[in-house]
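We just call them A, B, C and D in the order they show up, numbering each chain from 1.
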């Protein structure tokens, strides 16, 4: 940590800050500059509130040198973490595909979808049962009934399932009934939820908040790892920007960056970023090319009639075309992407 | 609603869309233009998913004409809603002041603060007991012990209390023990929480999400009103933008706008917007001038030693100076602000 | 255009708006709704200021149905525009590579770079001579001397050159001396410059402003096309968002979208988006996969010593590695990307 | 400056960086930490490119301790700069009012406006003659003819005039014919223009770019001061954010902050921020309360018929009502705002 003093700070003010820091068993060294003094601080800073120092007379700014996250970083754990979900290995040598409808709507819909996915080699089935909707007047999901239908489709297709958890009260149910617990963008900083997820071992798919920085995203994952659960899969799904011609702005910089900074697997959701089905495949290809370790794609037998996010789901024909492009690009990417 | 067709849409495609809309008992009229056709749709659109139409062949865009919120709008209820909290009237003729420390830290701290606030005429005491923190390694609040201390300070000072709720499981406790339930920015779209708040009558202070639009903010309030609780106080606290020289960007446009669009009272939190104590008073004055119906201000006997947000809390001397400016500006604003 | 009236608008107000619109030879039809009236307007709207109507009593909102741009849209011209620069065809069947240093710094630097690029099959040489710098104390470019060096390298390597234009006074010089005139992100809405570029036929590389929407980007190109010059190459280079871990956020949604909306070729600059050399290659691959028709990459013999943007330029070894990945992905993409 | 090394950086890498810095006559001290080493650098850093160091092996991050601007900061010049424009003193004891139409449209319009403004005590007349418009199909201004009309109104009313400059070629004309040269938001980083403005002494009204940080804004002003012209008035006019319910988001944090950081006067333009006339007065009051040293307001005899920005201009009745509120708030603010 670096404490930058005001240009007009007195010697006494500098000394007071240094003495204070030393009283906390920290090493504090004066770094005189042309216009101002800075104080370099090293040692175990666990016991000070950084803002405490910020308020001392003569202090201009505090500059953090290290990031707050530890367990999620490659410096802490240099190899790739592999999250195993039945036969699928997130973070392994091959990318993993999760797909399914935005919302579970009927037995027929989810059974047909699971069958189609299985036949195309998709590894995980997804489906929403509680839907977070901006307006109270929009479809809110089938609830526990939806979970039953998903389970049925899972048994029939032998595909593991990925379901979004909204309410902390449902954790003990999800822990055993669901193969991957999805935490949606709006709940990325629902810290009570994150703490509880740290106490179980079920894999968690953590979506980036639409206006969360990469650092906040990693710190949200840190909550889960710090609690004891390291089965975390990160998911980039677009951020909120000034641009309104697409639903969100897919941030592939973040994927390239997180591949370097963290050992956790990261996948991409191009559907929520685009908000329109005709951009899904090109964005999915871009995600693969930048180094994503998997994709989550929405598909529906009749997107036309979907009760939520109709416009961003692929119909089965589009989905099948997507899969064939996905397989082709995978071939060439194996040797292309050498990120670590 | 307006359905805009592609320039190249065929007559048949237009007819199909119109027939479909009519089958839902909607009135659909063709509006021929120079380059393309649009279809004007009126009637009760409750039973259609808008995106369903979006997917039909030849459809370019769907344009919503009306907002999704109803109960929160002035068109629904033209007068100001007044939320009564003991003697304080949010939305009444005079602004209301909420103040207190970011976190409750000790009995001494909260008792001294409550006494000081009471002596200056502040109407409501605030204090955090569960703190949503970006990093798992930061102070997380005193929990229920903090609530006890707050209650003690409330009894001693005769001030009602405003406390942030994090976990839906605590609602039944908060319903009776707390005078205003605060919902923080990160939970603005925690829909399970919002639905439960609709079932009680305790006043709710709903903070705007740091990256929520005004429309999303009003729709979050709509969840609570639609559930049956109309005691909602809105709170602008700054939004996330590209600017990093302050913690958030205080959006006073939103306050002026919401005064026009909604009947709910709206107050401002200048501390979280600024992130630094020396900007709090000028921003608070600006909030008053734009038409805010109250303020929420953080103050601490020794901000220097605060365990959270140390840099944005006013010490008692600064707070007292703030109150005297607040009283002065109130005098002149009475006749100045004639918003409705 | 749709004129939405207030719920409380009187019949008289509606009639006044309609009469006014009809007086401008527009067709205006009343569209009665459940809560409010809307007025559908068709015809040649060239002669009305839209805001004029906005101000009329009883008017709530004006909704534009059509975009303001015409000449840049696929509806206006459905095929791909091909911009020919010597042997390179932007918008043709193969992607085009532009590369070179951020700034021209010395004869040795630019000659070595041109030679290396030529040997790897790069089609266009770039180099900055006037540098737009945020601070007046940063290196401002070699100026006209830099152009001389670039020309020399161009002759020696037989590569066409792409140079950023800053000052409208230089247009007549650039028109003849430069093969592609680059307009930087900060000048995307320098309308005087755009109008002058419409009067010449030299190809223009128009970079998207860091905080410009896709619509504003296309309208900036519209200025040039409307002036008479249709040799415009668009370039996505990242937008400004709240995220600060990378220099800008590369918006590949915009590339996929513009491929659909416009006939103009669009290329991508991954260096300015990333701001760090180690993310350039993965982002470049992503750009190719999403459908970009070319790339512009910064490379320098000793990026270590570069006078500007040192951290985002590739050294020759990195560049050569990048080219080999670029060639590999191109192979597979040919059949993959079937955007139009 | 602080050079943060990678956790895995070798001793040799640290030594190489230190030796390099010392070779530039800088003082470089090793600051060992628990996980990594940092190097504190002091001395005259004028001759190094910061990114040069960034690229050295083992270097993780460079942290700038001081801002790049000098002449605009209060540390450089602690008193308020006063910019004198005839009788108006920007930065003096009283706020200054600039007003007039968005565009000069006719002699009648500008003469009537000037007369009205004079009668209400407004100090400066504004009017646009070249209009920067997003679309080439919108009204582009009267040009030099507009300047003649403005001059005529200036003589008749004895008001100085403020006019936006677009083209560097017009500087010598504007230098003598115009009392304040306005640089619009889109040209805030038109560095050629800024350099030329540094060579004259005419006061410059520099508007903040819609997506410029406070630091970039101050650095743009630094260009003018560094060139030799210190008659610079800053103007906050709203920034681009994700919020679309108003035209821009007025950033009053920036005003409070700049009052502390810089000695230059800063005024506020509430019309462009709001984009709608009914929010102008409350935002103007907020600007005064936060410490703005003046306002620039658009007014038009018949905003209804304005050829640009019709919806955000006040008619004369609204303007007169605004002035009376402005005068009232000024009374109370004199003692309230004690910013420096």
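Observations on the structure shown:
Rule of thumb we're sticking to: a residue touches a chain if its C-beta (ideal position, glycine included) is under 8 Å from a C-beta of that chain, and two chains touch if they have at least 3 such contacts.
Treat the numbers as computed from the prediction; the structure is a model and nothing was measured.
Between chain B and chain D, the least number of touch steps comes to 1. Distance from chain B peaks, on a Cα-centroid basis, for C.
Put simply, the C-alpha centre of chain A and that of chain B have 26 angstrom between them. As a whole-number value, the distance joining the C-alpha centres of chain A and chain D reads 38 Å. Under the contact definition stated at the top, the residues of chain D that touch 2 or more other chains are 211, 240-242, 244.
Per the touch definition, chain A reaches chain D in the complex via residues 2, 4, 7-8, 29, 31-36, 38, 40, 42-44, 61, 63, 65-66, 75, 211, 240-242, 244.
Note for the complex: chain B touches chain D at residues 211, 213-215, 238-239, 241-246, 249-257, 259-260, 273-274, 278-279, 282-283, 285-291, 325, 328-329, 331-333, 335-337, 339.
Chain B makes touch with chain A in their complex at residues 46, 49, 51-52, 54-56, 68-69, 130, 132-137, 139, 166-169, 186-187, 189-192, 195, 210-211, 216, 219, 222-223, 226-227, 240, 277, 303-311.
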